[in-house]
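The data blocks that follow each hold one structure.
You will see two complexes here that share chain A, one where it goes with chain B and one where it goes with chain C.
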Partner chain A sequence: MSFNQVRKVVGSYVFVAPAFLLFVTFSLYPFLKVFQLSVTNWDGISSSMQYIGLENFKDLWLDNPVFWASMKNAFTVTFLALTAQNFLALFLALLCDRDIRGGNVYRVIFYLPPVLSGIVVGLIWNWIYDGNYGLLNHFLRFIGLGDLARAWLSDAKTALIGVSVIHMWKGFGWGFVILLAGLQSIPRELYEAARVDGANTWVMFKNVTVPLMIPVFILVSILTILGTMQIFDIIISTTGGGPGYHTEVPITRIVSTMIGSSKFGYACAMGVTFGLILLAISMVQIRVSKMMRQV
Partner chain B sequence: MSRMTSTHVVAEASRAEVNYDLVKKRAVSFFVHLFLILVSLSCLFPLWWAFASSLKTQQTVFTDLSFFPKDPQWSNYYYAWAKADFSRYFFNSLLYTAVVVVGVVLIASMAAYAFSRLKFWGKNVMFLVLISTMMIPIPGSFIALYVLLNKLHLVDTRLGYILPQINGGLALGIFLLKTFFDDLPKEIEDSAAIDGCGRFRTYWHIALPLARPAIAVLAIFNILAVWNEYLLAMLVLSSKDLMPLQRGLMVFQGAHITQYPLLMAGIVITVLPVLAVYLLLQKHIIKGITAGAVKG
Partner chain C sequence: MHFVKNFILTFLILFFAGCASANKQDPSAITIWHWMSDRDEVFQELAKKYEDQTGAKVKFDLFAPSEAYAQRVKASAQTATLPDIYGVLGEKRDFASFIRSGYIANLSQALGETKDGVAWKDDFFKKAVSVNEFLPGNEFGVEPGIYGVPLDVTTIQMVYNKKLYEKAGLDPEAPPRTWEEFMGHASILREAGIPRLVSGFGEIWMLDALASNLAMNLMGEEKVFDTYRGKVSYADPDWVRVLSFFKQMTDEKVFVEGAVTMVNKTAEQTFANERAAYAFNGSWCVNVYKGMNPDLQYAAMLPPSVSNLHPARIWGGAGGSFVVNAGSTRRDGAVKFLKWLTDEKQQAFLAEKTENLPSNKASLGKISPVLASFADDMDNTTHPNIYPVHEFPSVVEAFDKGIQSILIGEKKPEEVAQDTQKIKEKESAKARAN
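For the complex of A and B:
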């Protein structure tokens, strides 16, 4: 090879080298390291660690009710986000899909909560839910339902619903924007043709809108599930997992196992388990979506 | 009535029908807007409430429920900014956001350009591996990331907070910009090459300026992501001097749990830049999310 050719080949790698170096150091290495640490009893500080096989996994899967309770909590929030939040988003998107005055203004406003941080949103809602001075209690007393007033986020009965509402408030605008874009990509002629055939609004929704929107529905639900299962900022800025373990979620468990109890190996086993569960969920969703597309 | 001719009656009847349709349409539209406005208010209200509360005093904040405080305490902002460290957090956030965004744009665009235009061994495998981080969720890899930063003595340093976030923005950035470069006609670059322009100069002077729209989308997403980041800041940064706003808010709340007006002032300081970026660039943001979503 001539000097020029060598220079050219080396030059190409120079373009990708920074990206690749960062990726190997900060993505690939931690990814592999998590698996390695998950079979040790490392405490995060001492220079020695012992290989203990699947001990961590055995304890986690068979003997850690708090972790599975946190998983159940995340599933509860996810279920609410999938249903209530996404139906609201779809309903709003359908309303705005008609050529309505001020449609863009609504869109800008609905997407406002999603651009705020979970910390900011949590801290503001903390105060809305507050037992002594909270707006929600003031409002309930004002409309004569003062009996219902309580410290919403420190009451075991309402804490999880409370954080779910915050999460849905922050998230519905995101679903709305994607669903609206999906609706607007449906060619108008299809609706006109259906109308000529005498279809009413409901029939058009069922036979035109829904079939064409299925890929968008699936995308929105996959992203809703992955995003909601990994909820953290809103929890840490409101309940911190309490009262008791009533609003613990997998990420808060992993963080407190790691920082709180210095059980790095065990925390990695939690991360691997949680990652596998998320992977399984997305695989099922993709499989279902392929089946639906064939129908 | 009896004197009305038949044509009159028909005309009257059809006008009534028209009016009925119009009334129905107006009524539907009224309720649609009513509903949309109620939802909009629910989005705006908590923010306004935080702002209004930031202008009340420690004594009045729990009793004064007005939306427009009569005697606005602008001095709360002075205290939050100067005495409660929010100015420090603010400039840290600004620094982190600027460095990460510039880093992501430069590194991702270089890699994307190579993946789109240059030929080299292992190109496709490298591309797939880099993009895969976008698809595979690895919750818990932050544990190992922390371990790594510890080994590299990057815990509680600015660099330790910046580098992982640049890496975090690469997958989306490379994907977005490669797609953009692929759609770009090659002729201009080819003629530049014939004129003796080297590959790096072609990338820097020709491809990069042309990619401005895609870079804008990428930059906005990273601005929002870095400004709003919390988990990594919590793990990596423990000195107040290095903390960004989100971390600062949590520290302030932990130390002064009842100082609501100052906390709310801190929140407003945190939100204002996001709000400004969002309102100025909302068209790009919405285009960005929807393009990715509907195409993908």
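For the complex of A and C:
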């Protein structure tokens, strides 16, 4: 190999090295470390830790109903986000896709909630949901539905739905932007051709928009699932996981195990399990999306 | 080509310069990490005073909020980059873990040194020292000694609004002393349309504080500790009765709507805005209420007593404490500074500026009467950090979350007691197996 060839090969590695080092240091190493810690009883402080095999996983999988209940809560919020939030996002994207007056203003308004901090959003909604002086209760009393007034986030029947609504309000802007971009990439000629063939709005939506938007729907649904399953900041700033365990989600359980109980090893086992579940969901989605594309 | 080379070189220089620390540390300065954002300004003032008096430099670094601070300290412990002086946030087992790992110096000798015939440790409230002390034969296996210097103390009590009391036709100078009186007053306040008790019960440790007050008063400390030891069941009638107090308060609508998931800051706002007659809160509230509503007319009271058989206990004694890094090269200087910081004069200055209870008893006379009243019952304080035995965290969580379930009418006291006992048995079995 000539000097120039060596220089070329080495040069390539040198250029890749900084990115590779950053990736190894900040992504790969912590990722592998979590696996290592998950089989120990480390308390997060001691300089030593004891290897305990799969004990943490055994306890988590077979004897931790609170964690699995938190998983169920996360699935409930995710289901609501997948349906109500994304339908709202699609509906608004369809409206803004038309050449309406002030379209850009609406786009900015709809995109505002996602850029707000989850903690700030939680605190604002706390005020809306407040059982004594909340805006929602005030409105209900104003329209004569005072009987429905309650402390929305402190009632077992409404706490999880209340938190879900906050999450959907904060999150629909993402879906809106992506769906709008998808809608605008559909060639207008297809709609014109369909109109010439006598198709009405519904038929055009069903036979032109939906098939061409499937990759975008899949992307939005993957982002929604992964984003919603990891909901945390809104919960912390509103209910703290309460009342009881009614709004606990996996991340709040992981944090309370790690900080509240100083069981870092166990919390890492929770993290690994949760990560594997998210990975499985993503793989199923990718598989389904491939099947849908073939259809 | 030259331009590209120069560009890359400039970029690399700027990149690595950016990675360098912005703070040029003075190697001789004693570094202190803390989380107390309300006290930072005063700490900086005190550091300057200390430098003026002794010539020694002290640098206070604030890391807030407290959760972020706690994580920083844990991470720094792993990388041996702890400062000379810092505070450990968390429970006694975390404190013990830091000591066992060699991150905290034993200060027993320094605290035993006398000045004018009085040992340094005797300057403080006894309970404030106890929370930093490990006794012989402690359950954590830590060498006996005192490992921290208390900076201030807190007590968790109740406060009541005198104006609302008067409005309801109650004597504003006669808060309830017994449970019956408390429920009676709550009923009168309800009839007057005044919301009653608020607290940040969304933060479950506050529920735990109130529940353990009631438990120790009802059944005595020893029975509570025996429960932790596994000798008494949570299904015991006394524990069911403790939980029943919460049921009774729920049935009588004593709590402000939403208190069950309320964070304490919101609860403090509610009380400061005169939207509740009582609050269960810590002594730091004096400073908080002063900021929120300087005209608030309130006074401190003890939580109502539920029995005459055992003394009423309140959570207290523990506040902010500083420890000295065992690996610090400036250990002697650090101890010297802590001695100065906890001296009567500096303690009074700190208390006056921040409205926190000083840990130095001699400074009590120099603080506001309402704040001083929080220290009246210091002898009857207790705190998990001075318990001789500790409950499993998962059992504490199950118990506190169970109380939340009672507050929302989801579970009965008996059910919560049974559920907690099940978790206790599971954790005990695990502990035995290990």
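As a convention for this text, the second predicted complex is superposed on the first by the 273 of 295 C-alpha atoms of A that agree within 3 Å, B and C clash if a C-alpha of one lies under 4 Å from a C-alpha of the other, contacts with A are read in each partner's own complex, and residues count from 1 in each chain.
Please note the rule applied: contacts are C-beta pairs under 8 Å (C-beta built on N, C-alpha and C of every residue); 3 or more make two chains touch, one makes a residue touch a chain.
Because the structure is a prediction, the values reported are computed rather than measured.
**Q** Please tell me, clash or fit, for chain B and chain C sharing chain A in the overlay.
**A** clash
**Q** Considering only touches as defined above, state whether A:Gly44 meets chain B (first), chain C (second), both or neither.
**A** both
**Q** Looking at the overlay, what does A:Ser262 touch: chain B (first), chain C (second), both, or neither?
**A** In the superposed model, A:Ser262 contacts chain C only, not chain B.
**Q** Answer with first, second, both or neither: which of chain B and chain C does A:Ser185 touch in the superposed model?
**A** Touch partner of A:Ser185: chain B, not chain C.
**Q** Looking at the overlay, what does A:Leu153 touch: chain B (first), chain C (second), both, or neither?
**A** second
**Q** By the touch definition at the top of the document, which applies to A:Leu145: first (chain B), second (chain C), both, or neither?
**A** In the superposed model, A:Leu145 contacts neither chain B nor chain C.
**Q** With both structures superposed, pick whichever of chain B and chain C touches the larger number of chain A residues.
**A** Touching more of chain A: B.
**Q** Quick check on the superposed pair: does A:Ile109 touch chain B, chain C, both, or neither? Answer first, second, both or neither.
**A** After superposition on chain A, A:Ile109 lies in contact with chain B alone.
**Q** Given the touch rule stated above, what does A:Gly242 touch, chain B (first), chain C (second), both, or neither?
**A** After superposition on chain A, A:Gly242 lies in contact with chain C alone.
**Q** Quick one: is A:Ile286 in contact with chain B, with chain C, with both, or with neither? Answer first, second, both or neither.
**A** A:Ile286 contacts neither chain B nor chain C.
**Q** Quick check for you: in the superposed arrangement, does A:Leu135 touch first (chain B), second (chain C), both or neither?
**A** The answer is first: A:Leu135 touches chain B but not chain C.
**Q** Going by the clash criterion at the top, which of the stretches 24-32, 42-50 or 60-68 from chain C hits chain B after superposition?
**A** Stretch 60-68 of chain C has C-alpha atoms clashing with chain B.
**Q** Starting from the residues of chain A touching chain B, keep only those that also touch chain C in the other complex, and list them.
**A** Touching chain B and chain C on chain A: residues 44, 132-133, 259.
**Q** Where on chain B does chain A make contact in their complex?
**A** Residues 29, 32-33, 35-36, 39-40, 42-44, 46-47, 49-50, 53, 61-62, 65, 107-108, 110-111, 113-115, 118-120, 126, 129-130, 133, 136-148, 163-164, 166-168, 170, 174, 199-200, 203, 224, 227-231, 234-235, 246, 249-250, 253, 260, 263-264, 267, 270-271, 274-275, 278-279, 282, 285-286, 289-290, 293-294, 296 of chain B touch chain A in their complex.
**Q** Could you please specify the touching residues of chain C with respect to chain A in the complex?
**A** Chain C reaches chain A through residues 67, 70-71, 74, 77-78, 90-91, 93-94, 97-98, 100-103, 195, 202-204, 256-263, 266, 270, 275, 393-394, 397, 401-402, 404-405, 407-408, 410-411, 426, 430.
**Q** Spell out the residues on chain A that touch chain C in their complex, using ranges where they run on.
**A** Those residues of chain A that touch chain C are 43-48, 59, 63, 126, 130-133, 150-151, 153-156, 159, 238-240, 242-245, 256, 259-262.
**Q** Would you tell me which residues of chain A are touching chain B in their complex?
**A** Residues of chain A touching chain B: 8-9, 11-13, 15-16, 18-20, 22-23, 25-31, 33-34, 37, 44, 88, 92, 95-96, 98, 100-102, 105-113, 115-121, 123-125, 127-128, 132-133, 135, 138, 169, 173-174, 177-178, 180-182, 185, 216, 219-220, 226, 230, 232-233, 236-237, 250-251, 254-255, 258-259, 264, 267-268, 270-272, 274-275, 278-279, 282.
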